[in-house]
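Okay, so subunit A shows up in both of these, paired with subunit B first and subunit C after.
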Partner chain A sequence: MDAFGMGLVAAMGALATVAGASEDIDSDIGSQSNPNSQVQLAAQVGNPHRIYNKAIAGEPPSNALWCTTAAIMAYVLIEGYGMPLLFAAAAGASLAALFDGVMSVSAYLGRNASQARFNQWIYLDILRYTTPSIMAHVWITSFCIVLISIMQVYILTPHHPFPIPVIALVWGLTVGAIGSSVGDIHYGGEREFQWRLFGQGLNTMLSGQIVRKAEAGLRNSIDNAWFCAKFGGPCTGMGFGLTVFLDNWRTTVFDPITQATYAILMGVFFVIVMNLYNFYCELSARRKYGPYPGYKGDIAA
Partner chain B sequence: MNFDANTIIYLLEIIVGGLLVGIGVHFVPVGGAPAAMAQATGIGTGTVQLAAGSGLTGLLSAGLMMYAMTLSPTFAQDGYSIWPILLTGAVGAMIMMDATMLTGSWIYAYAVGAPFASAKVNYDPITKFSQPPYVAPGTVGQGIPTVCFVSGTIGAAMGGLGGAMIYFPLVQINGNPAMSAIFAIGIFMVDAVLASWNIQGTIEGFHDPKFKKWPKAFKACLVSTAILAVVAILITPLVGGA
Partner chain C sequence: MAAVRGFKIEPKQLRIYGLIGSVVGIYLAYLLNAITGTTIFSFVGALAAILGAVMGANAVRRVCAYGIGTGVPSIGMLSLGMGVVAVLFGLSIAEQMGIGVLGVIIALVYSMIFGYVVGLIANRVMGFNIPVMEEGLTDLSGAGTLAILGWSFAISGSLGYADIVNSVINTGFLAIIFICGGLAILHPFNANLGPDEKQDRTLVNAVMVGGMSTIATGICALMTLGLAAGMVQIVVGFAVWYYFFVWYYRLAARDASAVVGTGLLPPTVQ
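Then we have the complex of A and B:
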């Protein structure tokens, strides 16, 4: 273990936290992943809305695409042209953001045009000022992930044997999987259905009845980003940050060559702690919200 | 490449790895889009995506561990030892899956405000907590109860173990970590998708009645991985390989 390596792992954890948060906010602005089913359904059940609607792919494959695109450009610039690492990462992220912009615009236009029969309009003002914020968040995500990959391959010892694009592909898939499993709940379960009864799951009957009015005026996707940046984004960042930090911390503190057993046992310890913490969350949620008041079965709570 | 006794071992390792991935997916509690709306128990995403996210995080750890072994001064005599590579892959995958489920639980518990409950069993097999009183009408459970969390951890361990077990022989065959990683990702995806079809996209974990369907996925993964394994050992890189 050396102080430099620990600093690098800490920096990677911080970058991962930022990447996770921006990835989730990107998907919230664009209603990309699971909550998109409700945005899509809303117009069909008679609730046309002003919410951006891009579902380019599931979050993991699409983020893997952006991050790999960025990483390939960075890799070419570093290996082929000897460019500085930071500049290469920034240039790669810009390319990924451009790709994302093109696909977001075509997704929004295509999806809303196909819903014309349900009275869903294409709002050009939404397209104009929401697309750049989506691109900006994709830029941040892919920049952070390319930097993490660069650190793992060029700086952290032992250097990772995979090339930068493969590592960026894996981290892109992972950040998308975490954003889709964590941040989407805040957007889909909480923000889209704010007037359901609190303290219980969402009744299927409410599907498509998303909130369309904002604190002032009609709700748009920037309002959703404002809300989700308070809890859903940071939680996603925490999830990805924990993954990157804990996974690399154990192989940095314990030398993987001579102390492999300790590195593995440390990982098992983290896993046990997280299992216990989830049990605590379950206990506290059951205590706070209690059983459903109208429950008529014969199993005691 | 030369065909010898080792080739058979490599083939078997890839097939066992693929089977581990296929069965491991059955343990991961995924509820799909309804879970993201607190309408179903489990993690609110797709099976393949989550399994891939965790298994490939394990693959990164396994790749690093395998490379670190080659730096050891005694590597020339000892060679690779398989257990640290496989176990570190499993642990990396478990860390990713648990971090995801834990932060997801924070949102269920403190933002959406839903008590965790499974709609498939009356009592949680691990904590013995009663479930039906906490399931709101019009939903099939919410959140990630302890049994789902433990099941997800087991699934991630199997996925990580499987991913590492596919990667380990591939590197020894072609000596190129990048190509082996991509091929391991490919085999991983095939098995995860087959298992996902078997459970029709959602499952709560080992206590779910759908879990009993695993032998079908086992057979399908056995056939597909056997074919892929034969292809995998025939492929060698044009440059940079052994």
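Then we have the complex of A and C:
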């Protein structure tokens, strides 16, 4: 273990935290993945809305696409044209943001046009002011992910044997999966159904009955970004940052070849500690907010 | 605004266009490159891949119309996954048998059989019970194979197994072909999901995403084939993307219940 390697691991953890947070807020602005089904359903049960509907293949594949696009651009600039690493990453992220803008616009237009019979209109002002904020967040995500890949391949020793685009693809899938399972619940479960009592769950009767009106005027996707940036985004960032940091930390502290057993045991230790902490969190939430007033005891099956 | 051009194509017709157009396109690109002794015509391979992707998008549309909502991305990834296996199998077998050029046909035939078997398993063993599943997965597997072959050719400029391994797989550019080609097949139906989905809008979207993939492979080709071949591909990809994006916007405006600059919620229908 050397100080430089540990510094790099810390930097990668910090970049991953930022990437996770911006990834989650990007998907929340566009109502991607978890919240998307309710946004899609809302118009069909008679609740047309002014919320962005960015359906791009679920979060893991779409983030894999942005990160890979940024990575090929960076890779070509570094290997083919000898450009500086930071410049190459920034150029790649810009291309990824453009790709994302096109895909988002086409998804919003297509999904709303396919709901013509439910009177769901296409609002051009939503396209104009929401798409740039989605693109900006995608820029941050793909920039951070490409920088992590560049660090792994060019700077961290031993150098990672895989080419940058493949590493970025895997990181993109990972950040998408973590965002989809951590942060989106906050938007899909809390923001869309704010008036729900704790412990009620989402029964079929409530499907599509999302909150469409804001504190003032109609709710739009920028309001959702404001809400999600307070808890869901940082949570996702912490989840992804910890994943990257702890995983690299144990192979930096313990040599993966000569001390492989210690590294594996350390991983098992982390998993056990996190499970215990999750268990504690759930118990604590139930103690503070539960039980649901309508709970009438368990019903025998 | 003048009436927007729309169209309707039967799946069988589209399959013929997709398969024959794509195979002919890849061989045309190969011949043009071989005759002129350059790699400048590699972009024809990318255009051929778009034809395959359009066929795949139509197959996704048919299979997923049976109510597979969240399965749309999965089926697109499955298609490209089958494609990667088939391409590597076809090209390496052809190379070992000394008939390198016929690798495209071997990969295509193998992938379609493979797709049919996967469709059979999905329907009979896993119990999907979707009538067009076998047919759809056969199409999808073929489309994934053609997409990967076409865009790989656009990056490597050659159909040789060793060349493709060198310039597409070892550099990691297969990642962008996999994910961007996958999106060209699955994004069209996913983006247009809903009861009023129309075939022409979905397929125009497929060509549009195919144009974006061509831009991406063009950027890769800047490194593997050089500035001229890469730039030609980027410009062609941009032209395809722009034309079909404008067309797509018009089709969406045609189908939507209203396109408004801004406004409150529409009066409810119920």
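Going forward, the second predicted complex is superposed on the first by the 286 of 301 C-alpha atoms of A that agree within 3 Å, B and C clash if a C-alpha of one lies under 4 Å from a C-alpha of the other, contacts with A are read in each partner's own complex, and residues count from 1 in each chain.
Criterion: a contact is a pair of C-beta atoms (placed from the backbone, for glycine too) under 8 Å apart; a residue touches a chain by one contact, two chains touch by 3 or more.
All of these numbers come straight from a predicted model, not from anything done at the bench.
Judged by the touch definition given at the top, the superposed model places A:N34 against subunit B, while subunit C stays out of reach. Once the two complexes are laid over each other on the shared chain, residue contacts for A:V166 go to subunit B and to subunit C alike.
Once the two complexes are laid over each other on the shared chain, residue contacts for A:I56 go to subunit C alone; subunit B is not touched. By the touch criterion defined above, A:G290 reaches subunit B but does not reach subunit C. Look at A:A216: by the touch rule set out above, it reaches neither subunit B nor subunit C. In the superposition on chain A, A:E79 contacts subunit C only, with no contact to subunit B.
In the superposed model, A:G267 makes contact with subunit B only, not with subunit C.
With both structures placed on the common chain, the touch criterion links A:N278 to subunit B but leaves subunit C unconnected. More subunit A residues lie in contact with B than with the other chain of the pair subunit B and subunit C.
Contact with neither subunit B nor subunit C is seen for A:A3 once the two complexes are overlaid on the shared chain. Taken together, the two structures place residues 37, 58, 61, 162-163, 166-167, 169 of subunit A in contact with subunit B in one case and with subunit C in the other.
Considering their complex, residues 37, 40, 44, 46-50, 55-58, 61-62, 64-65, 68-69, 71-73, 75-76, 79-80, 95, 99, 102-103, 106-107, 109-125, 162-169, 212, 218 of subunit A touch subunit C. Residues of subunit A that touch subunit B in their complex: 33-35, 37-38, 58-61, 158-163, 166-167, 169-171, 173-174, 176-178, 180-186, 188-190, 192-193, 198-207, 231-232, 235-236, 238-240, 242-243, 246-247, 250-251, 256-258, 260-261, 263-264, 267-268, 270-271, 274-275, 277-279, 281-282, 284-286, 288-292, 294-295, 297, 299-301.
Put simply, subunit B touches subunit A in their complex at residues 32-39, 43-46, 49-50, 52-54, 56-57, 59-61, 63-69, 71-72, 84, 87-88, 91-92, 94-96, 98-116, 122-123, 127, 129-139, 141-146, 149-150, 153, 177-178, 181-182, 185.
On the subunit C side of its complex with subunit A, the touching residues are 69-70, 72-73, 76-77, 170-176, 178-180, 182-183, 186-187, 190-198, 201-202, 205, 208-209, 212, 216, 219-220, 222-223, 241, 245, 248-249, 251-253, 255-270.
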